[in-house]
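We call the chains A, B, C, D and E, going by the order they appear; numbering starts again at 1 in every chain.
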Amino acid sequence: MANQGPAYYSPYPAATYEGVITPPEGKALLLEDVVDEETAMREIAKQMLTKENATIFPGPQVLYAWSDEAKRKATLIKEMAEVLNANMIPMYDYRPKYPKIDAEIEINPNHPNLTIWENKIKAAIFIGVHCHYANVALKIVRAETDCYTIAMCALSGHEDAMATIRDQHASDLEKFIKIAKEVKSELGV
Amino acid sequence: MYYVAKVNADMCAEYKCNTCTLYCPEANTLMFDKSGNTSWVDVDRCKGCALCVYVCTDMLNRDCITMEMPNVEAV
Amino acid sequence: MSKRSDMTNTHNWSGQKLVSTDYLLFEAPREKHFMTGSEVLKEAMKRCTVDASVSYPITPQSEAAHLIGELWAEGYVGTYFRGENEFGVMSEVAGCAMAGARTVTTTSGPGTLRAMENFAQWSGTRIPCQLILMARGINSPLTIQPDNLEVSYMLETGCMIWYAENVQELFDMSIAAFTVAEKPDVHVPIITVVDGFFVSHTREAVMLPADDIALEPYDPYKAPLPPIDSETPPGRFLRDPFVMKSNYISYATHASWQWEVRSAVERSRPYAEHYLKGLIHITGEDDAEIAFVTCGTASNQAKEAHRELMKLGIKTKVIKLRTIRPFPAKELLEAVQGIKHIFVPEFNVVGWLEKEVRKELYNKCEADIVGGPRVAGGMSMPAEAIIAEVMEKINPGKGA
Amino acid sequence: MALDIYKINPEFRDIMPQEIIDLEEKATWSAKMDTPRGIKELPDTKELLEEHSLCAGCPEAAALRYVLSALPKPEDTIIVNSTGCTSLMFPHIALHTVHSLFGNQNAVASGIKRVLDWRFPDIEKDVVVLAGDGATVDIGLDYTLQSFFRQENITTICFDNEVYANTGGQESGATAKGQVFKMAPLGKKFEKVPMWELATTSGCHYSVNMTASAPKAVAKAVREAILVAREIGPTFLNIYTPCILEIGLSANEGLGEMKDQDKGRFASYKHVSPEAEEFLKKCKEEGRI
Amino acid sequence: MAKDSIKIRMPGLGGQGAVTAAHIAATAADTEGYYAVSNPFFGAEKRMAPSESYARIGTVPIYDRGEVIYPDIVMIFHPQVITMGKSYTMPFYAGIKENGLVIINSDRDLLTDDDKKTLSDLNVKVLTKDFTQFAIDMAGTELATNMAMLGALFGALGTVSKPAIEEGIKDRFLKKYTASGGTATLDSVIEKKFKKKQELIQKNLDTASAAFDLTVEWCKEVGFEQILESPKK
């Protein structure tokens, strides 16, 4: 069984109970520290490039071709996965799935830990997941796994992730990819 | 309750009938193969209610469907 | 009736110029008017680019509900109708908000309790609607008079709760309320409370900006959950997924969901801080050793008492809580530094605010806390009663 | 745009599970079809329903297949549900849906419909309520009828199994007189509530009582009811979907029970208002039915 | 070393009698002189949908309630609990304690190498057997699967005697219990299969007894030791 967090079966306490909330505009969060966006981007790239089975979890907002922004982000996320040597596993919707998910190829916000255990994922990026479900999933992952979670949010960010950057639009992803490439060559991986 | 439906494709194809597929309570479980002209069962989704046997045997007098033990493969 | 398609980049469907909340609240020039709480609520909603409202009669909120109906008839509100009862109304509000509308409704006392199941559903489905609660006594025996016992039932619904003291605050707060409730990381319902009659039916001076400006419209695509409109993925989406135990680990899902709703309320703090200019307001002497912790009309009454006590040479201060959920614990603790006696005057029999204050200050503050005075069932709370309570405490047996 | 929300970005096609790809490629969306979609596509297309946890042989599960196959425009249809057995299927419908509280489904649907009409005046967005008899006739009767009185443009479908099945078999208003169920240990004391008649007198323009024994008949009624609701006013369908568990039948006996009741408590009832009749005639001429 | 109390988790599918099995297990243990409690945990209580029940048995009073998060014994009533994840916990043995036991009703091995390693590291023994076929052979119906599983449980415990098990079974089928509609229906289906209630009980007893003996032998073979203290008489 996967390495389980301190709470094991209960996602408590949530980060807000420890006084951590979403970062202000223009800033990012690394654990409980408010930092500059670029600092966070570098750390995110480092985590993804050095942890085992790093994986990107794209959510519905980027998986489907419903807007120009979604189409553009899809291309960038694919490139991001290549730069980070990361796998991609989709969170294609949010419904509890019956009778069970195929944890090898999909992730569900109601029990995201299953996918993380199954694939022994030690670092993961949530992107394009609606904030509420991202937060529900991040709380469970935080409690039940030792995965380093990263939320790349188009809105206000997610304090239950270990690293979160906010207001991420297509141009910001381009900036991240550029930084990730730099970090990659520094690390020589 | 360990049984799932099994369609005898040869017999079924003789009737060009898809009545059972409409009555199956489960979605995308008892399907119709247009090229082979026969119904077929997605074993993983079948709950074994045997309603299709009622339709084929009792309603239509045809006996093309039986209930059988499925193979459960190790994960 | 107006059409939503009449909206442009600069003006809403009723032709009002779209402005930021900061401009509307803090920068736009204001003029003095003289009106009741119900009337001022109409003025506030008129400037909020409201998509939908559902109403139902109950004293004392009926007037406000009529007036929002008039706004609809005048073309300011998108859609408006009368529901069948409060449980129905709050359900209809849920539907409106889930479908992507900025939605407002009003209720009072027994209506609030009738609708109760909906409030937890509202927060659980993360809709940012606004309920203006004009507090009134709840049965039995029947009363239609002001009394805020009903608020205690609302405390753990997962909704934000703000409390306005007077007509002016009702105007400013109900505008800020939409703005804060609609922040993507907050996005939970907001209940703006005023004491019925004491605010709804009290006419006083109020400063209002012009009515040709209004808030930017609500953008449902910046919500933490997709709106129910079939226009945004995932196509396969259930707004309130029925997570049963037969789906393994659903207890973790349900627990996380609940904690997430409460986390959302916590995330509103910096926004409320900005738009309300502080979660608490303090009136009185910095070096006072006596404090009144209040909300709503009790704040007014305590300020009267404060002024009279000053005449007797007794220094006090009034710490008015403007948000109840989230509870301004840090601000309150700072405000009671150096205080020896805390009084919590309330308009209900149970003293729910006293309990909240005690819980937050337990082991953190040396002050003696007195839950009183209390009135209920429509009584006013004269400054004399508050003064008597204070004098009894600091000068036992001697009276005021 | 509604159909685009099912379109997968090419960059992710290779990581998407087959059922999601099937939904895009093989489900019957109205925008992709020249002729009206319908129940005839069921046997060989991707359905709008995934696996769920209803009992083996449950007639309600079959009826939901017919309802979904008959939606005139699924990509622009919102379904509102209530608590009960139906809520076990709800999370598995491939559309935007709401699980409301118990009984308030027609109120939630009213709010949704009015706002969709406000936000999208030029797009036909259908709102369909689907709930059991407890939700429709007992706890939610007020909200069901009031939505009819208000002439809301929604379709209400009651899956009538004549019992509270999800809670373990208690008498409901739709239970037949004399039936012994929990909470009616001496048998039910009053007649089955004729909800279809109440619907008619409360202003529904289309009201039907039927069983789910004939898939095509159910599909036709659903299609007509939704079209009438869209253009004219509220519509109601009462469909018998027996709880085989609570009446002691085996998993394969539900269909026989429905056929029996075609001549019994669910003998065909159909009310169509004159406006609706005229409208349906027009729809038929245009090939929409 | 034997413990003063153990917890048993029984995931199965609706209609298989896992709830009844926990009920009888606790009744039999109580008859034997143990402290015992049983409880079901209903999700959507549907045929073929996940359903779980729990029994706790000890020589000391049992205060623990609710679902068993940390079991000593896990009894899998249906292969789909594993193959389709029809369980409240994933993986199905989540939380199992050292030196525990897993009983699986299946005609073939369903465990992955990872599963086997995890369980063997914890010295958890696994008994996989087609108890449904066993029930068909013994009682003539697959509906006696739960009786076979019960027999296996008590065979492995070794400290609840056959007379106590008999008492548990009789108690369940001869008294009137508050059961869900589904359970009541299945009760009547089982009853219809036999001419008399007495015959039903006898067949059930025979099935449980045979599974008991078989498991006693198995425990000797694999070295599964007494897990629960003997009752204090």
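In this section, a contact is a pair of C-beta atoms (placed from the backbone, for glycine too) under 8 Å apart; a residue touches a chain by one contact, two chains touch by 3 or more.
None of the values given here were measured: they were computed from a predicted structure.
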item	value
Chain pair, C-D or B-D, that carries the greater number of C-beta contacts	C-D
Most remote chain, CA-based centroid, reference being chain C	B
Chain B and chain E: spacing of chain centres that average the CA atoms, whole Å	33
Approximate Å spacing (C-alpha centroids) for the pair chain A, chain E	41
Chain centre separation (chain A, chain B; CA means) in Å	43
For chain C, residues that touch 2 or more chains besides their own	226, 232-238, 241-242, 244, 246-250
Junction residues of chain A - those touching two or more other chains	9, 63-64, 66, 92-93, 95-100, 111, 114
Touching two or more other chains - residue numbers and ranges from chain B	1, 47-48
Parts of chain C lying in touch with chain A, wherever the complex brings them together	126, 183-185, 187, 222-226, 232-238, 241-244, 246-253, 255-257, 259-260, 262-263, 266-267, 269-270
Residue ranges of chain A touching chain E (in the complex, touch as defined)	1, 9, 99-101, 111, 114
In the complex with chain D, residue positions of chain B that touch it	1, 18, 21-28, 31-34, 39, 45, 47-51, 53-55, 58-59
Complex interface listing, chain D residues touching chain E	53-56, 88, 165-166, 168-169, 182, 245-246, 248, 250-251
Contacting residues of chain D [partner chain C, same complex]	1-2, 5-6, 23, 50, 53, 75-78, 80, 83, 87-88, 90-91, 93-101, 104, 107-122, 125, 142-143, 146, 150
